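Common to both upcoming complexes is chain A, partnered first by chain B, then by chain C.
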Partner chain A sequence: MPEPTASARVELRCSGSGGQGILLAATIIAEAATALGRRVVQTQSYGPEARGGASKAEVIIAEEPIDYPEVRRPDVSLVLSQAAYEKYAADTRPGGLLIYDSGLVEADPGAAGVTHCGLPFTQVATDELGKKVVTNIIALGALVARSGVLPADAVEEAVLSRVPPRFRELNEKAYRLGLRLAAGAADAETTTKDGLTPTTAPAPGS
Partner chain B sequence: MPEPTASARVELRCSGSGGQGILLAATIIAEAATALGRRVVQTQSYGPEARGGASKAEVIIAEEPIDYPEVRRPDVSLVLSQAAYEKYAADTRPGGLLIYDSGLVEADPGAAGVTHCGLPFTQVATDELGKKVVTNIIALGALVARSGVLPADAVEEAVLSRVPPRFRELNEKAYRLGLRLAAGAADAETTTKDGLTPTTAPAPGS
Partner chain C sequence: MAISVTEAAKAGVPVLLQGNEAVAEGAIAAGVRFYAGYPITPSTEIAEVLSRRLPEVGGTFIQMEDEIASIAAVCGASLAGAKALTATSGPGFSLMQEMIGFASMAQIPCVIVDVMRGGPSTGLPTDPAQGDVMQARWGTHGEHSVIALVPSSVEECYTLTVEAFNLSEQYRTPVIILSDALIGHMREAVTLPHPDKLRVAERGMPDCDPDEYDTVSSTIDNILPRPPLGSPFKVHVTGLVYNRRSGAPDTADPATAADLGRYLREKIYHHRDAIVRVEEVEMDGAEVAIFAYGSVARSAMAVVKKARAQGARVGMVRPITLWPFPTAAVARMAEQVRTVIVPEMNIKQMSWEVEAAVKGRAKVVDYGRVDGELITPEEILELVKPEFYYHRWEDT
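The block that comes next holds the complex of A and B.
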């Protein structure tokens, strides 16, 4: 995807099922952007669809006051469940980036011109760190590395300021693992303008 | 204000300055409504205006999926600072309810048909509980009691599940103080259709 300019409005949507830490990932992005002096609007939905089904948390980042606070075509979509993929993936803006958990989501790259990046976040969280609970932080690292919407160190600071002290080391590891995972995933991306099946990167060390 | 029906969409906006716990108040409302099976969208803004100036956190509650997630005319506005009053008060829907901190906000009831309810939340937090930090929870209690948007006990449960165990008693007291404060404030309300100056209720015991 094209590198967003500093002045651009960027829309992000994190989606998955309840308990995957979607809201925390979005909150960390919002707080990192705020610390950088950006305008930020964050929206989350609750309700029947947020329990068990596909839930989402959205962030809009801009340099100017945000008059229209609704996300319609995310520039960057993070998708951590099949239900979320089916519900939200097609909204991703042409030219945008769709990052998904390749172990949980069977992607169908029908959306023209959306870069698909599938990485095994949950598997890496379990295999490398023994903690499935940090899947969202690994995914956040990958999102930041691949999208370039915010500087990686600013988001790392926001991660560390959000988690209790005793979990900082684990979350720092998870975040950096996500950064590295995405860096090694250049091959794993497919711009689906011609309906190519996206490949997925193996877990590191596998 | 008219009692909202169960099927109505209700828009709430909490506003104030940074550090007043506006976001927590909105989050508690959102979680209480979610626990009752409602559809809920919560939105918060960050950025320069959220540091020092007027910040806001909004909640939309409905029975049906929420297609249009932006708050334009809140049915209920909670206002905890003069800057927030000046920025947001006029948006309140005619027939709606505006609850404000009478010790911090000089209200100018120019908006026709909006019920103004001024209560000294910050003063009560300091005088009755010795903890200014629970001003938001007192205000939340008053909002729930006056607006009737959600059952008082459902919101109390959401308050208690949100705060750490050692602060539960304090927050329970604060919430119930807010409920009582609003119950005694019927006289303090002025529907400003004819530009009456709203009166404000004294602190309990004063």
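The block that comes next holds the complex of A and C.
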């Protein structure tokens, strides 16, 4: 796992369909970064429907003030639906990381210079925890482990302070499951071998 | 959330806050103790947060049957002495217009937040727009004045809500906060000002005898506070033209109507210099200026940085107060630069106003987008480039 670089700017995009908890996952990353004293902007985009549709939630973490708040070339993409994959995956910055739910997304590993990492988040949530609802937290754990954008314990703290007390244990399990899942997995398909360095990717337009 | 927003502000530690949450927390800090509203995307979080926060501070939250009733309840609460807020978006803002006129006429302090989304009608309910900026000024009928503030960040959602209530109390007028779906839903790490450092204007009471109250009247320079209904003071509230001293309706005398009409306008416009706030960025030596407000100002800021890094003298004039219009700042800019670029998420609404203030002293380039997407820095940069005839632009 690459060491988080304190001075770097990193842009993340979580996408899926409404109801999958991608906004919560993005918010938790943003809260963890806030607690670490970083500059943070989190934005979102979704349609008028409460469930379904392709929606996204984005986070920019930086040391300098963040002006334009949206993410166009994410260093790290998390994709939890086929529709979101088709709409957003190609935006991932060359040299970046694309994490997706391998049970829900048929990915094209040919995407230029992007490390693909497919893991069965939804299936693991159902099989191991009996709760599909924590798919987003498992995916969050995997994202943190694979990308190294923030220290894993800082994000865990943010997970636990976000969820109601009675769901803490479940979410703690889910998050750690995600960390382990990513640590144990080789890249599903890898098109770049020069290693994953999303935290040192240049800022857009710089 | 591990730490409350108030605790974080007191401790001076950063907290991740959404624009709408910041409006709600700013309202609590400003002393708001009454909210009436009807939920609508993308403003609903303001109501959600206040439904929880107001009871905690002894305030009242009411979900009304619609937006007309909401602003009516807000006017009533304000007349009874409370600082009162409502929040909505385009369709609800349209419904509120008549009562905003009533609040202007009857000089009722209150704050209306319009979190702008794509329109008209149901439009693009989840996407940002800036299509209500003229409606904020002229949405209600008749000659009136209004104050409208435009936040560009989550921090400003907080501080400008406090400011809106201060202006509203000081000038006895409705104040409109023009947020948008992007700013309202965006979260930012913010370190809020310590509550003790905030200036919070209180309503106050007239310092005359209650029996003499109908013999005194506000002047442009001394806008007297209105005592709450139920106090020993006799207070007359009407939407008819009234005698400014007694408050009694008087529609027969043109001089009374003229006096009130001029007063309602001048109590704001005479104090324009004190009310209007504008942020000027890199205007020192600027040859081209971008006039941008709200979320679009963030893209403009990115362009100013990029252009300056390449040696092109670009600056930004960002109105924080959109109404009354910052005519003096625009006139100053027009004297200095050769071109003013006005990107906005509507078609020409403010660029028209900019042109009127520029008066031909500089070229005005308008750029509008109404597809629910934030104007990007690249789009603005493409407008800037032709204004520097001999500049060699590196790839950005």
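Assume the second predicted complex is superposed on the first by the 180 of 206 C-alpha atoms of A that agree within 3 Å, B and C clash if a C-alpha of one lies under 4 Å from a C-alpha of the other, contacts with A are read in each partner's own complex, and residues count from 1 in each chain.
Methods note: a contact is a pair of C-beta atoms (placed from the backbone, for glycine too) under 8 Å apart; a residue touches a chain by one contact, two chains touch by 3 or more.
Keep in mind the model is a prediction, meaning the values are calculated, not measured.
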Chain B versus chain C as contact partner of A:Ala30, first or second or both or neither: both
First, second, both or neither for A:Arg9, with chain B first and chain C second: neither
First (chain B), second (chain C), both or neither touched by A:Lys87: neither
First, second, both or neither for A:Asp67, with chain B first and chain C second: second
Which of chain B and chain C A:Ser161 touches, first, second, both or neither: second
Partner chain in contact with A:Arg39 - chain B first, chain C second, else both or neither: both
Partner chain in contact with A:Lys131 - chain B first, chain C second, else both or neither: neither
Chain B and chain C contact sites that coincide on chain A, given as residue numbers: 30-31, 33-34, 37-48, 66, 68-70
Footprint of chain C on chain A - complex, ascending: 27, 30-31, 33-35, 37-48, 66-70, 72, 161-162, 205
Residues of chain B defined as touching chain A within the complex: 30-31, 33-34, 37-50, 65-66, 68-70
Contact footprint of chain A on chain C as seen in their complex: 1-2, 14-16, 41, 125-127, 182, 185-189, 295, 298-299, 301-302, 305-306, 374, 376-378, 396
